[in-house]
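Going in written order, the chains are labelled A, B, C and D, and every chain counts its residues from 1.
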């Protein structure tokens, strides 16, 4: 029964997803109902499966390649989260996607995404996991591609970046399987004592953090924020990608390898995390678009999780995972508020927004809660997870802690700016008739906001029941729930948040508007140049790659032309010339044919005699 | 009692020509089809019976020395299959009932002759049956007594006569040194001889004669003319099986049972095979006549078979036999496609065609199957035989020839793609807007052969090793 | 031995005449002559059964077949005949020369073509061999005759209406 | 063995005839001469190795086959004559390429 339920969590979304493509365009209502029901079924199944622990094998393509699934507390937690976000965002997108193009394609991809991510979470075999993981890649491409005009280009960009890192993952999996001699995840536990193992770890890590969206594999996300349909942003980069990436990173660090603190790899991960926090948040500061700003935060926040897990300390890992779920919550909440603003006003450009707080009070409320959460204000959930990460970071080095705190400062500052620009200030003349969004769009936002508060105030609930079981034996009796242990760090956090507020007020005084409150950072000496370059996408590795590809392609074009001339021109002309020559030799005169035969016979005779 | 395979078609045509012609004419199609089906069944189901039907009385009266091995079985099956298909094709093309009846009679004679070739263990009997087949094919080519058909028939008669003269000369020399015409006797006599000029002459005569019969380059002059000018059904029959039975099979039989594989002989075979495979394919590239292109393609494919034979290994022989079977299937199929197109359009000029796929879907689809199988695209049947031949070449140490064989495959694909593009795809010529798909009696064999190509391609790997192993006995005996 | 040689030389001369003669009719008769001389050789070599067949069929039937064809076709006009004769002379004059030279070469080379001959003891009669040992050939002959009949039926049939 | 030399000479005459003539009937006569040559070869071989009975049996078969083939060939030539109104071999070169 449980095994069937387990399979159903994958099969139901897959089948109904495929159904979306099969059913005719006109059955819109049916499709919407199917979307909601399937995602609801996913949620119910995950609730049903919660706290179960078993392995389930399906014989597959041959010996050693069994399709095995494993259900245990981490998978259950992930499944529950997927079901939760899937259901909420599904009900949101039913309203949001009305009147857009490619609706049924989007629904189809949406459901398939749910199915595939469930597959990743449940797979207990590296090959099976890779299958679902790669499937996800295609879906990302599909989902972005159904957005606006430039979406296809962005989709290609995403596909290439994620595809290349997935190749790394593939290589890593091959190497891991080679080293351990098995593909079964639960029986792999490699020591990191040789070069190959380290290489395998790094390759797998690249795959995982790229899925999570960390720097330098992030550059498609901000573009997708503009081009892709909004529920996509809310579901994939905000929630599912983080879940997938961090889930797998945790599995790598906890299960696949004997990953220890104070190792070089740990430091590497932490550096990646810290850099991601700072660089992404710096970019977020200066964005003038609601969605783009959020997308940079989606990147920045992943830095905290990587930093936390990278410490390889129980407190860091718990903090990382806790931050992952928190981030999924508030970030998808924030994207949903962006969606309702876009739906009601038709734009997400901050220059054109303002004063929406009075017109859309519920949205504003949800925004406030989620913004507080992301900035790490007590008693919202972000506060607690960040404190745990801080705790771990300071144990590994003050520089990491500094990066994290600085990130926190900028996060708070940019959200003050965002809130001020969008919801406070003067109401734009075009938006005087703006109304509150439809209730079915408000409902998911509200639920998420409430969960944010609940996970903050009652943080024992997620920590004790969802997260700490994952580490099981490694906790050594610690319990990280409740109020943060270190008062010193809490005080510093408060000071930092206060400074952000002060900074904002000063900025508003100086420039006279919330939108430009951070211009003093944007145009600070030294930073201005870098920002200019960044806005021209000078730092986008994808663009570097494109430039390199351009050079290579110009070189290879020359070679190709030569080969082309050889193959198309010369060879083909030669073949055809030869062919018509042969045709001319067939004159229709039987004497000629007879002569050929006789000469052939004599040659054969001569050959046989001579040799 | 394998003699029944020779006797039955002959007696069939004999009985059909007894009095009550009107009744017989009506029966002829059914009788003929039943005979061919029976032949296939006998080969496919060993217990069905040739071994069981062994009336002692018959054995006492007749003294036939016949033998069967894996290679003959493949050939017998192909003969039955192609003859059946030819029968179906013919029933659509000849309107006159007398013509139809005559065609069936000649077909029966040809099948009887080919079964004789396949079963004979005596070199002179083999020659006699070769001539029976040849005479029947002459009649089949000239059947409509159209100008081009007669021209093609005359060229075939001439070249074929030269081949038989060479062959009789070879037989005479073998007879001279052995005093007998039986395979085994000649073989042992040859073993006793030194490597003399006379023996080399005999072998050269024989091999050249069979190269002419099989249409290998540069002995092929008659083949494109005869194939392209023959009536539709006759082309199917000739290209599908006659040249393989009369040329390639006999060559294999002579090499295996009499001459043996010396290195020089192997190099001759490999060179001629590779030459035919490549030059035939190149010549096919620029053909504008549908059937002529298929004829050159036949030359090229026979080259592959000879390449397989030329390795002198069990694997190569098995590949050659498999390719004979595959070639019988896909080349009959393609000639039937050309027949259907010609019937619908009244022309064979490729440059005038285009977009027929929409009007003739079955023809288009099956021709794609046939072409791809011919070019050796997996999972179709042609892939396996070409693969085996190439592997055999490689493992026998003839790596250059293996590479040439692969190159030939590319060329094959090239001309078939251009054929498909200009016939079945592209824009439909307005002139041919109202054409219809061919009749049922043509569609049925096309679909049958298409299914065989696909089915064999998919299921062959299951029995491939068994198939190859059964050729141990061929080479051993 | 000497007689044999004479007859063989006669055979070649007859063949040369057959090939080189201007008139088709005479060529057909020449072919009959070749067959007749071949029959002589066969008798000389104790192959009486084959000789009888050769005489009756090849010297009789086949020239008759050719002559009947020639009679069905129109004779050439005088101008054509002259042209024809000239071109024939141009094409055929070297043939006797070739034959002669090749003959000499072959005589010189003939020593090289040697083979071990089998030692055969029992001598069955030709009739016995034909009727008892070569039954498969006989069957083949019957079939090919049958096929020839069909061939005649197909190829010599008068065309209905279509002309 | 002497007769073998004459067989070769006959073969050359026959081949030359086929290659050099423009008349279809003469082509068939050339083929006939070729067949005569190999018939002689078989008889000579039988004479040499002593198995004349088998040689005669073969010759009989060859003669029968020869007649049938010639009949068919004559039929085809007549058919060609009907179209071209001539026996000229240069007129049967329509199939080419």
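Everything below uses one rule, namely that a contact is a pair of C-beta atoms (placed from the backbone, for glycine too) under 8 Å apart; a residue touches a chain by one contact, two chains touch by 3 or more.
What you see is a predicted model; the values in this text were computed from it and never measured.
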Next item on the list: Sort out for me whether A-B or A-D is joined by the greater number of C-beta contact pairs.
Entry: A-B
Next item on the list: With chain centres taken as the means of their Cα atoms, state the distance from chain A to chain D in Å.
Entry: 85
Next item on the list: Could you put a whole-Å number on the gap between the CA centroids of chain A and chain B?
Entry: 61
Next item on the list: Between chain B and chain D, tell me the centre distance in angstrom, where each centre is the average of that chain's C-alpha atoms.
Entry: 26
Next item on the list: Determine the centre-to-centre distance between chain A and chain C, using the mean Cα coordinates as centres, and give it in whole Å.
Entry: 91
Next item on the list: Indicate the residues of chain A shared as contacts by at least two other chains.
Entry: 583, 586, 588, 590, 594, 598
Notebook entry, point to check: For chain C, which residues are shared contacts with two or more other chains?
Noted result: 113, 117-118, 120, 133-134, 137, 140-141, 144, 147-148, 151, 154-155
Margin query: Touching at least two other chains at once: which residues of chain D meet that condition?
Written below: 18, 39, 44, 46, 48-51, 54-55, 58, 61, 65, 68, 72, 75-77, 79, 92, 94-97
Notebook entry, point to check: Looking at the whole structure, which two-chain pairs count as touching?
Noted result: A-B, A-D, B-C, B-D, C-D
Item checked: chain D - residues contacting chain A, complex -> 15, 18-19, 89-90, 92-97
Item checked: Residues on chain A engaged by chain B in the complex (per definition of touch) -> 575-576, 578-580, 582-583, 586, 588, 590, 592-594, 596-601, 604-605, 607-609, 611
Item checked: Contact set on chain B toward chain D in their complex -> 124, 128, 131, 134-135, 138-139, 142, 145, 147-148, 150-155, 157-158, 161-162, 165, 168-169, 171-173, 175-181, 224-225, 228-229, 287, 289, 292
Note to self: For the complex, give me every residue of chain B touching chain C.
What the structure shows: 6-7, 10, 13-14, 62-66, 96, 102, 105-106, 109-110, 112-113, 116, 120, 122, 124-125, 128-129, 131-132, 135-136, 138-139, 142-143, 145, 176-180, 189, 192-194, 196-199, 201
Notebook entry, point to check: In their shared complex, at which residues does chain C touch chain D?
Noted result: 4-5, 8-9, 11-12, 15-16, 18-19, 24, 27-28, 31, 34-35, 38, 41-42, 45-47, 49-50, 53-54, 57-58, 61-62, 65-66, 69-70, 72-74, 87, 91-92, 95, 98-99, 102-103, 106-107, 110, 113, 117-118, 120, 123-126, 128-130, 133-134, 137, 140-141, 144-145, 147-148, 151-152, 154-156
